[in-house]
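Okay, so chain A shows up in both of these, paired with chain B first and chain C after.
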Partner chain A sequence: MAEISSGSAQYIYVCTRMRVRRSQLIPREDYLRMLNMSLPEITRFIEDTGYKSEIDELATAFSGIDLVEVALSWNLAKEYQSILAITPGELMRFTASYLRRWDIQNVLTILRGKTQGMPAGKIREVLIPAGALDRVFLDRMLAEDSPERVVEALKGMRLYPVLEREFPRALETGSFARLENELYKGYYERLLAETKGGVKGGRVFKGYVQLEIDIRNIQNLFRLRAQPTLEDVREMMIPGGSFTVDELQRLSTAESRDEFIDGVKKQVTLPPLLNVLEDLRSERPIHEVEIALTRVQLEQMDRVSKRYPFSITPILVYLEQKKYEVANLRALARGKEAGLPGERIRSYLVM
Partner chain B sequence: MVDFGTAELTLEMIQASQVGLKAVGAGLAVGLTGIGTGVAEMGIGAAAVGATAENKDMFGLALLFTVIPETIVIFGLVVALLLLF
Partner chain C sequence: MALRDIKPTRSELINIKRRIKLSERGYNILKMKRDGLILEFFKVLQQAKDSRGAMQERYARATEMIAIADTVEGAIGVKAAAFSAADRPEITLKSKNIMGVVVPEIEASAVRKNLAERGYGVLGTSAVIDETAEAFEDLLESIIEAAEIETTMKRLLDEIESTKRRVNALEFKVIPELTEASNFIKMRLDEMEREELFRLKKIKARSSS
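Our next item is the complex of A and B:
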């Protein structure tokens, strides 16, 4: 009894905190207002929201676009770490597994930077230490002088077997694409395996991960349609969702867009996703397709989190929404810096 | 020792056992409602602490929500008092 009740109290505590934090994210109207602002105004505006401490802290070292970028990354990392700190037990394990994708991103950033001979300080600016590898560990990796040594430093970590297998080939071909695909495939595989542990909320979490895999695969297929490649499509697809890799490969060979969308629709059961796919029949720029699909994903996750209010889902929804908030602000700031018109920037925002 | 099998119940004995059972009833009324209140406050309290941790202004309202299930134990107390007096 004691364990059950204290368990549910922990869920309620964390999920309430996430809900409050979600209500503090930047609303749609504010994005629309920011579209009419200049870069310094945007900086000041986000300083008034949740990014004050980072902007104040970094204002002496950076200015302009760099200040916004670095402050956003720092804030994201800090936010994710604080979530890990307040989530207890089982929830924390799921959350940490979910956040492991940032490790992949950081490791790849370091490897790419090192192979191109970038200085460590420059690489450090773009790292987002939100996963299991913390700032100290990343700094140690940055201090290594060659990419091979960086890989060696990861020995014993979960990423190491894939890195060891694929890295020499990546160096040889000069392209990290295959390594990256393999790492993410490993990540999703691991994530799905963890949901099978029979723990509370595992089933919901699994549905969530599968939805993400599906959306990612469909996005990739749209990308492949926009820009056909000679490489093997199978290698780019993530197994474990509601499509098998064979089906995805068949879909990628569909002649016309209509045929392709019909094929995807046969497998998908989610009504909002079906609506969006119907919408996408007309030719649209690829980033709009991706954003439409991402929005479906976020909305569906939001819906699931309301159905299971005290489970892992409210936490994951917040993690995702925060990620897109940071991505939006970055797109806004970059777009303004490049002098793009508001309409153009708007089409890149997920809101 | 009184032999209950054969002894006749006197009026005093009956009255005494009635008083005793009333006391047991009063105890149960307060005790069980207390458990009910505790269970109800568990969830609310957890949410209240969570909300207050994020936003300090929530404290007053959160405290108010947390003590609302106290009414249950107060009902129990009222019933207990009615039984006893």
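Our next item is the complex of A and C:
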């Protein structure tokens, strides 16, 4: 009995709750309707859809479009924390590991802000405590008087070995780029390591992470190829996906876009990804390429979650979909504020 | 120069003639300088028009890109990426000489950066940040270029204005006044000569009678 309650029953419980939460996400039709709304109408719509408590809570500190954006981020953080609270055992471990990317983002923001001498209040506005480091811990880091002390405060945590190795160099060179890349590579390495050892659901989780790594590497190759001076991209590629780092380096040096896409297609088997790669042969802004590839990733993850309805994937798909709901609402509000045409805003939405 | 203050002497006449010659030479040189500066100004004006146009285009692009970055990444994402900017561009001010006018020559370093120099990692950001950073680097570059050209244009204009004032002063005031003074002295000297001649004749007539 104990075996059952700690195994499949928990999967069914959590995945069912995720399905319920997914059904509450804003549907595509509402985004299309919002494209024709004015900014105050969008703000009212956001208030009516479950972001009200955050908007009310933050209304004294922020106003206008900043209030909308910060409220969306806070809601995202709160939602992720509540998912961690209801997810048991192995699922919780996978989910918490997956959410650690937010810790990397927050730690880097604090380190950069501290190095540049930014006031703590300014840095706090930019933090999204959606990972394992909660708001209290982040506030403690913010109270430290130097970036070195911030690193010391992370001693014993997962990020510390990379920080200990790379931070002195970052301070010396004044650039956190390498440190950031190493932290994200460490994050994916750790995620893949967790899927080993015959853990239940590990295989599905591994497939999910590898797809994400592949998409990220392809996106970055498109991005790096647009840079005229970069020769060695190995340091910026994430190992562990379908491509080795050397293969990615070879692809980055392909003479033409067609040659590059042909090279990628040789190793990709996913039909939707093949179709999108074919579409990307024509020149277009890199951020549109990224959005097209992100859409493929989400659709594929959605398909996998339907194939394995009681696994880690429904949780991860919900996390991603929630992230993109927040990103879409933010895009709509920011796009309307900037006066971008509806069609243009629509091209940035991940629906 | 009031005529009553002029001493009608030969030495003064020589002095004034020398000054007229000098003024006329100065007038010709300044007129040539003014024409040269105007030619130079029209060249710079074309460059200024081009650089202003390019700057406006780049400003529109940068504004559009920051709006897109705010839309795609959110202001939070853009601010977090902006924390990465470690190196500030440095501007070195030199000067060059265009027909005696000292104009600035601005050299900027570390304006345009590649991905590795911008300070943010590739794995934690998206391409829209690169495109926005690039748009602002372009804008900054054209602001520096426009600043150099427009300051040159302003200094040339000031110099043309003051040269024109000097040419006009020489043409319509200094040279006519000196000529008038010279004529006056000549007339006075002639008159004095005639008076002297008359006096001598009178003395001669009185002594012979």
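Keep in mind that, in the parts below, the second predicted complex is superposed on the first by the 344 of 351 C-alpha atoms of A that agree within 3 Å, B and C clash if a C-alpha of one lies under 4 Å from a C-alpha of the other, contacts with A are read in each partner's own complex, and residues count from 1 in each chain.
Note that in this section a residue touches a chain if its C-beta (ideal position, glycine included) is under 8 Å from a C-beta of that chain, and two chains touch if they have at least 3 such contacts.
Only a predicted model underlies this, so the values are computations on that prediction, with no experimental measurement involved.
With the C-alpha superposition on chain A as described, chain C and chain B fit side by side in the combined arrangement.
Contacts of A:Val20 after superposition: chain B is touched, whereas chain C is not reached. Legend: residue contacts after superposition of the two complexes on their common chain; A:Gln219 is shown touching chain C, with no touch to chain B.
In the superposed model, A:Arg124 makes contact with neither chain B nor chain C. Partner contacting the larger number of chain A residues, of chain B and chain C: C. Contacts of A:Lys185 after superposition on the shared chain: chain C is touched, whereas chain B is not.
Touch criterion met: A:Ala9 reaches chain B, while chain C stays clear of it.
In the composite built from the two structures, the nearest CA pair linking chain B and chain C is 29 Å apart. Within chain A, no residue touches chain B in one complex and chain C in the other. Chain C makes touch with chain A in their complex at residues 67-68, 70-72, 74-76, 79-80, 83-84, 86-87, 114-124, 126-128, 130-131.
Here chain A touches chain B in the complex through residues 5, 8-10, 12-17, 20-21, 24, 86, going by the rule given at the top. For chain B in complex with chain A, the touching residues are 39, 42-43, 45-47, 49-51, 53-55, 58. Within the complex formed with chain C, the residues of chain A that make contact are 65-66, 69-70, 73, 104-105, 108-109, 112-113, 115-116, 118, 123, 125-126, 128, 174-181, 183-185, 216, 219-220, 222-224, 226-230, 236, 238, 285-287, 289-291, 327, 330-331, 334-335, 338-340, 345, 348.
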